Each structure stands twice: as structure tokens, then as C-alpha cells.
Amino acid sequence: MTAPDLSVKIGDLTLKNPVMTASGTFGWGVEYAMLADVSALGALVVKATTLRPRDGNKPPRVVETPAGMLNAIGLQNPGVEEVIKQKLPHLDKFNIPVIVNIAGDSVDDYVAVARRLSETGLVQALEINASCPNCEEGGMLFGLDPASLGGLVSAVRAATALPLITKLSPNVTDIVPLARAAVEAGSDALSLINTLVGIAIDVEKRRPKLGNTTGGLSGPAIRPVAVRMVWQVAAADLGVPLIGMGGIMNATDAMEFILAGANAVAIGTANFVTPDTINKVVTGLGDYCRRHKVCRLQDLVGAARP
Amino acid sequence: MTAPDLSVKIGDLTLKNPVMTASGTFGWGVEYAMLADVSALGALVVKATTLRPRDGNKPPRVVETPAGMLNAIGLQNPGVEEVIKQKLPHLDKFNIPVIVNIAGDSVDDYVAVARRLSETGLVQALEINASCPNCEEGGMLFGLDPASLGGLVSAVRAATALPLITKLSPNVTDIVPLARAAVEAGSDALSLINTLVGIAIDVEKRRPKLGNTTGGLSGPAIRPVAVRMVWQVAAADLGVPLIGMGGIMNATDAMEFILAGANAVAIGTANFVTPDTINKVVTGLGDYCRRHKVCRLQDLVGAARP
Amino acid sequence: MQNIQAEIIRNDPELDDYSVLELHAPHVAENARPGQFVHIRLNRLQDPLLRRPISIMLAEPHSGTIRLLIKKVGRGTELLCAALEGGTIDLLGPLGNSFPLPPEGKDVLLVGGGVGVAPLIFFADVLQKTPGLRSARGLYGGANENQLAVWTELAGRCEEFYVATEDGSAGEQGLVTDLLAEQLQRGDAQAVYTCGPRPMMAKVAAMCAEASMPCYASLEQWMGCGVGACLGCVVPGTEEAYLRVCRDGPVFPAEKLDWDNVI
Amino acid sequence: MQNIQAEIIRNDPELDDYSVLELHAPHVAENARPGQFVHIRLNRLQDPLLRRPISIMLAEPHSGTIRLLIKKVGRGTELLCAALEGGTIDLLGPLGNSFPLPPEGKDVLLVGGGVGVAPLIFFADVLQKTPGLRSARGLYGGANENQLAVWTELAGRCEEFYVATEDGSAGEQGLVTDLLAEQLQRGDAQAVYTCGPRPMMAKVAAMCAEASMPCYASLEQWMGCGVGACLGCVVPGTEEAYLRVCRDGPVFPAEKLDWDNVI
């Protein structure tokens, strides 16, 4: 059997395989260059970038929870200009599409970041982070209400010709209207899910373990919720590719998302546990196709659905 | 030091300690009589009871997930009349308050069940299950919208003089308006959280593992989300006791909820793992008070809050 | 039924994927009946979280020991197969009902497939040891000779013993139900007891119904509590909509199950 | 930096709560510098999920072995202390920066508290073995004699060695910072290297600042990735808002840290 076709299209962009990194969990790729074959990725999704530099939240910023972790990084980043100067120029060595996750406090912020990044030619797609649970203002709110999400996506859409992905928050009663609003406003794809809001308490010190009190829950613990949301959005048949994430530790987990309706997947927390998870997932997806005698992985998208 | 005072009031009902069972995870108590000292509980919360008998969902009904499980029992129960005839009479041997979790497809169903149970004198409080994620109609929907939840609680309130607890769904964008609606409609206490909706997929068979496709995620995996929701509702200061649950495996976990603002706790999935968890939590809460030199556990409620 | 920390006396790997665990668990050894199971916690961590039900393969009240046959099919059974001698295992048991003892009369047929052989070994042992009870004929099937774990344990406890493998690498080439067909034709058995993969048991149940032969099947289902409390482990029934494998079973008279929907 | 499956050669329990693990990890042994750490996966399961950072206590390039000192403080360190000889441990390393080597000149002071002694032992070892470098004076403090794990390992590598315990059960009664005060008064040291509980290090940093003595502190923080990618392990700095313990540290010149907010 010839090598299975793992490729997938996100807007105009063709990825050689559907495996990406989840924003914020793989730095700028370079941190993992000695531990994983970054160039084997379908795309590299890098950390959230904002207009101005951000210090981020006060520590502790991460805490382990059962089969998961809470993080409250708080969008620490050097700001879009430094990102363009210091970070992006190093990424072409991986020879894969680079997707920058963008965040901000206002629509104007997002638009400005999108415009600047688009001008550089160093970025192949943008992912709108409309769902950061760790920022006081902005981000999270956009992600909870279809009208404001639609407004945000439209404005960014007008500011860039790059393929545009909107990343959805799982902290909602019904994710479908948000997904629909993002697509109607011009999103070429949807990423889901971002983290669930959680708190862990140090019972001896009688205070929250995180400096920020709340954090975002990620890792295997949330996988059933993430698969369910992919399933729901896939059922709405919005006509755009879905990028599934949330607790993917291996190719089997990735297949859960694909069979539920995701066209692509992203690896987040797993990078911390097994730094070459990305490579194992790419290989494992190919093996799955071979074992199941499927030529194109995309033919399996949603195959667990009735 | 004298024995710490673990008691807590739920409406007019005084519990000797704040440890209950989570509905649906401890059967009718009798199933665990050989494995745990049921009479050491603050209260026994039994399985959801509906007006008419229910067969429940088709199997498989449970599946393990990382640090958690999905269930889709589907409210299987013999109906309120059989419950009154066959089940409740056996429970007085435990000599502890019995709280029945009630569910239905319509407000009238809930009202009828509440009225029948109240007449028997065998029940010390009712818990409205407005959040069952495993029933096609009814239950879940009430739990997602403040107005319909308020309507449901008011109607049940009018039908019973028993202390009334409303159990909230975590599958919402903001749990506080729901909590407020339940309290304004006459709820004497709030239980939170019920399970998160999730899906697990068998990638070899390419179909959902549960017969019902979706199930409710419980166990340690969801604890950070549950603690966060208790924290949020406690912050709203609604003036009623909160019963916290979601992944409590031991006294330390229970203290997380209490320090976050819960007055009482319920043990669910842990019963399956360690059948005498209820006893270990009661003992452990006493030990914690002694170690921290606190006379009344209720003085620690919300102590992790700023 | 108790929650016990049982010492692991021996862990004997068997064939490729199996292990036989011998545990010191006097309470279980003294009270267990064939068909019952223990519900095992895999470690002290929270992943894997739930217990795993495992049939009692043999119980020796004198030594206070029980034996379990484990087949590696996932993470939990892998952890069990790797359990260290000298360590302990946290288990609940004995749980569930048991195979009804046959009255005096003709022989009984035990039809096992794969790891389903375990409770049948215990049953054959009891039949052999109980004076006045009729003896058993064992029929054991597997994909190939590497799937016939501990077959001598069954063979040694049966008056007659037959094996079928799909590839013919041991015994007859074919299915265990082919062996059953021959036995049913002999017309000299009083009842069939079966445990194994569901399609096999469904076939056995259908053949027995056809032959008006009483049939008892031991079912598997994913479990929560293991003690009848959570209603998680049900299988569809004919009289009742659903029956709990952990409490109403694991052994059911075949006609009480809705085999078309036992998937 | 590599991801390695290191064989556990020895696991020596120490005192009540400690273990010394000896691992075969040639890549780490050859490349490690004092102050660096390895990031350890605790098992193949998903609970506990995250790796744990552990300082390299000693590295022997010839034998390809490293030693780690583990103190049981929670589930992860408990699993490590119970690790079986002959098994393997999955680790990333060596990670982080290291204690800057002192120039020729006066002696250096090593101020360790509790398990923080580990990287100081490695540092003392390098100082002792590197010709031309000045030797070290070790100051080691703990609550009592049961909290002075592997003190001989430090003592044997220092020219002078002093101990303080809060209850006086070993060495001077008092805090290790009392020992430091005496040493600083002697005025014959060129720099201080410290690792231990934060309040201790904050005090050491303050005393050194007062005495205009260069001070290097090795910090702890809860970690995600361990390789600088997640920004999870930061501590507040004076020049930069936040510094990553895993990449910018774990060793920091004391004046780069905002000690008032290093909680």
C-alpha cells in the first residue's frame, strides 16, 4: 500500500498532515528543536501575540491536577513588533507553515496585530484567540457571546488575507452559535477547544494554588469534553475544517477527534509530558490508515458519526 | 481539644457532618452497607426518582476516561410509587437524613414526585435534578436557562415543605444566574456540580463507546471545574448553603471545596473506587480541624477566599 | 463481600498475553462460588480510575488463596499482568451470583472461549469435588493454540475435554460451537454453562434454545461500582428491560437475555 | 538536552523521607554542570501527569551515572523514592543553567537547606576536582538531624563544613543563616551559592546584599515543559518582570530576583 495521504486544507493552505501544536504549549518551536522533529508537523502554531508586550500573570502559573493541569500564563509575550523582529525570522528553518495565535483587549488590538503579522510574509495563517480564560478583560468575553465574536472575526477578516482560524472557548452553554458566528464572519477554520476554567486550592495554605486564582484546565482530563464539542460543531455542518484539541496524548486520542469530525488536531499539554508526541502522532495516524486500509485520512473525518 | 463540630444546616435540617453521597453513585445505600458505615454520613442522597418507571439508556452506560468516567444511566428507576414502596422503607435503619433526587420531563412531573415523596414522611429533603445530561428532554434544559429553572423550583417549592436543594449543571457559560434563580425561587440550598457532557470514541470500532453517545463526565478530572464553580457561586453570596461535589476522592479534596465556599460536600465517583470513602472523608475533616485548631468546620467555609 | 488488600503470592505469565495471579484472600477463598468475580483497583493513583472485574478461576479455602486468569487487552489488564509478587492488590469480593449447581442426572457441558474459561474452571472444580454432583465435559475454543490459556486446568477437572481452534493449531479446526453441536446431538447432557466472547455465547444460547437445553451464560459489561448501585453495567433482558451484570449476574439463564441487543 | 530512558542502578533510602537514586544516563553525566536539573516523568500513566524537576546531585562521566537526592513531599516524589532498581526512568536533561564558576581567589560559601543541598554537592565536587579553582566551605541547615540528608557528601567535598539544626540535634542550634553571618564576618569569602527553602534563600540574599557579597541562588518553581516553552515556571525579577526558572535559571544572581515577591 502506498503511503496514506494525511494532507488537509485550512483555507487556501495545504498542510502535509493534520498535526499542529496547540498555541502556548510549544513556545516558538525552537525550544523543542532538540527533542522533537519540528519540521514533521503539519503546521507550527505559536504562542499568543498581542499588540504591546505583556508581563503575564503572577506565579505560580501552573499546577498539576488529576490527568491534567491548570495554567494561568496570562498571555506573556514580547508584543507583535518584537515577535516579528526576534521570533518569526527563526522559524523558516522548520520549513512548515507558521500560524500565529493573536490576542488582545479590544477589536482594534486584534486588527492591528493581524495587519502587522500579515505584512511580514513570515506567517501562513492566523488563529484568533477569542477564548483566553486568563486575562481580565477582552479575550474571554469575545469568546462567550456570538455577536461580539462575529464582530471581532469580521474586523480581523477585513485586515488580513491570510487563512483565518477562530479558536473557541469551551466555557459556554452551547458552542454551536459561537462556531456559526465565527464562520459567518469569515473564519476559514475553527480550533476547539481552549481550556476549561478551573481552580485548585492549597488546603494547607488555604489559598488558591495559582497566583491568578483561576486557570485553564488542559490535558487528558478534558478530552471527553473536547471530543463532545467537536462532535457538536461537526453536526452543525458549517462547511469549514475543524481543528480538534484537548488532551491528545497519542495517535489514538487524535483519532477520537478525527472520527468525531475534526479535520486536523493540535497537541498541547502532551508536549510537556512526551516532547516528541507530535512525531508519534503523525506516525501513528499513518499507521492507523494503513491498518484500516484507508488511503486518505480525510475520508475518516466524522466516521464515528451515525 | 474536644471533638470538632462538623455539623451543618441545610434549610431546617441539621446534619451531623457535611458529608453526603452524590445522587446516583451510592444506589439506595443498602448496596454499600457491607462496605461502608453508611450511618456515619451527614445525609444519604439517593438515586434520581421520576414519576413513572424508567428503563434508562441502552448500554454501554459507563466508560473510563483519564482520571474520570462518563456515565449515561438515563435515570433508570422504578418510579416514585415503587421507590416509596420498595426502597424508602429500608433506609430508616441508617438513622440519617434521606434526601431524594427528583427528576422529570415536565414541571408537573417534578411537582407530582415532590408531593408524593413529601407525604410519606420517609424523606428529609429533596434535591431537584435540573441538570441531568443524559435525558433527551426535560432535565438538562431546565438547568441551562435561569427563567425555566426558576419556574421549576417555584413550582416544586409550592408542592413541598421539605428543605429543597437545587442541583446545578456545569454545562453553562455562567452558573451564577442559575444559582440566583434557584435561590430566588425558594431553594434552601444548592448542589454543584452535576457532570460535564462528554463523548468517548472507540477508534477501532469507529463509534461512540457509550450506547447513548454522550455521557456525563465525573471524577477527579472535573474537580478543578467544580471548585471553580463553587468559588463563583460563593462569591455571589446568595445566602444559602452550597453542597460541593465533583471528583472528591478524600478529605483533602473535600477541604478544597469547603475552603472555596462549600458548606457541605458530596462523594460520587469515589464510592466506586474506594467504597468507604465517605467514612474516610468524615474522619479526615475532623482531623483537619484538629490539626488546624478549628472548633467548627463551618468557620473554614470560604477560608481560601481573599 | 469485603474490601481486601490481597497479597500477590505468585504471578505466572501464560502464553503471550495471559497471567495467572495467585492471591492470599481468605475471605474470598472461603465464600466464593463459581461464576463470582472480584473487582480490582489497579493502583493507588487516579488513572486508571475504575476497578476491573475479574472472575475467580479457582478458590482454595484451606490455603485462603484464589487464582485469577488475566488476559492483557488494555492498560488495566496490563498493569495486573505486571503486578509484582509480594505486593498487594486491593479488591472487592466475592461479587455477583454464580452458576446454579445442576441436579443429579446427566453430565453438564462447559463451553468456554478465550479468557472466559476462568469461571468454568472454578465450576468444574466444584462439580468434581462435590460428591453426588455429575461431572462436566469441557469444550474450549480459541483463535489458535496461543489463546488456550490454562487449558490443562479445565481438562483436568472434566470427564471429557475437547478443544477447537480456528486455525487448527490445536484440537479440531473450527469453532467451539461446532464442538457443542456434536455434544448436543449426543443428547446426553442436562445443561450448558458458557462464558466467552459475546458472539460465541449468543450462538451457544441460540443452539441451546433450539435444542431445548437449559443454558447459563456469564456476561461481561463495563462496570462502575460492581455492587449493584450505579446501574452502569446493564445488559438488555427479555423480562426486564435491563439487568445488572454485577448483581443480577454475571450468570444469567440464557433466555432472560435479549441476545439480539447484547452487543 | 535529550529525552532518555535511564536505568535505575541503585535506590538508597536515606533517613525518613529521602532517597538517593543512581541512574545510568551517560548523556546527562557527560554534559551536566552543577545547578542543572533533569525533568522526570513519574510513570507511563496520566496521573501524575507532569514531569518533576530534580537537581543533579552528582555526575560521573566515566561511569555514565548521575545521582539524585529525592525528598518525599507529595505523590510524585513518593513514586520516585519507591522506584525499583533495574527499572527505568524517563527523563529530560540536562536542563537549565548552572552555578557560575568562581574566579581564582578566595573560598566560596555554599549555603544549603534541606534537599537544596543536592546541587551544592555537585558544585563542591566540581570545585574540588577542577585544578586552580578555590575550594568551598559548606553550611548546611535543617529542622533537625533527620533533615540533613547525605551531609557527608557535602562535608567530604568542602574544606570546611558547618551544620545548624533548629532543635540543636546536630551541629549548632539555630539557622543556617546564623552560620552564614559568622562566615560573612570573617570577610574571607568571594561569593555565596545557595539552594534551599525560599525564606532561607531570601534571608541569604539579603545578608549578601548587605555585605556586598555576590550571591547566586538556585530557585524552585512548579513547571510545565521544563525547556522554556510554556512560561509556566516564572519568578519575579528586578530587571525583567518574570524570569523562567527552567531556562533563565534555576540559578540566578540574587540581585536579579525580586525577593519580596518570590513566594
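Think of it as A, B, C and D in the order they're written, each chain with its own count starting at 1.
Just so it is clear, contacts are C-beta pairs under 8 Å (C-beta built on N, C-alpha and C of every residue); 3 or more make two chains touch, one makes a residue touch a chain.
Just so you know, these numbers come straight off a predicted model, no measurement behind them.
Asker: Touching both chain A and chain D: give me those chains, sorted by label.
Answerer: Neighbours common to chain A and chain D are B, C.
Asker: Comparing centres built from CA atoms, which chain ends up most distant from chain B?
Answerer: D
Asker: Once you find the CA centre of chain B and the CA centre of chain D, what distance in Å lies between them?
Answerer: Distance between chain centres: 46 Å.
Asker: Need the CA-centroid distance for the pair chain B / chain C, whole Å please.
Answerer: A distance of 36 Å separates the two centres.
Asker: Taking the mean of the C-alpha atoms as each chain's centre, how many Å separate chain C from chain D?
Answerer: Measuring from centre to centre gives 54 Å for this pair.
Asker: Identify all positions of chain D at which a residue touches two or more other chains, and write them in rising order.
Answerer: 46-48
Asker: For chain A, which residues are shared contacts with two or more other chains?
Answerer: In chain A, the residues touching two or more other chains are 66-68, 219-220.
Asker: Chain touch graph shape: choose line, ring, star, complete or other and state it.
Answerer: Shape of the chain contacts: complete, all pairs touching.
Asker: Would you tell me which residues of chain B are touching chain A in their complex?
Answerer: 65-68, 70, 144, 171-173, 196-203, 206-208, 213-215, 217, 219-225, 227-228, 231, 247, 252, 255-256, 259-260, 288, 300, 303-304
Asker: Could you pull out which chain D residues touch chain C in their complex?
Answerer: For chain D paired with chain C, touching residues are 43, 45-48, 75.
Asker: Considering the complex alone, what residue numbers of chain D touch chain A?
Answerer: Checking each residue of chain D against chain A gives 1-3, 41, 46-51, 92, 221-236, 241-242, 247, 261.
Asker: Applying the document's contact rule, which stretches of chain D touch chain B when the two form their complex?
Answerer: Residue list for chain D touching chain B: 46-47.
Asker: Of all residues in chain B, which touch chain D in the complex?
Answerer: 66-67, 220
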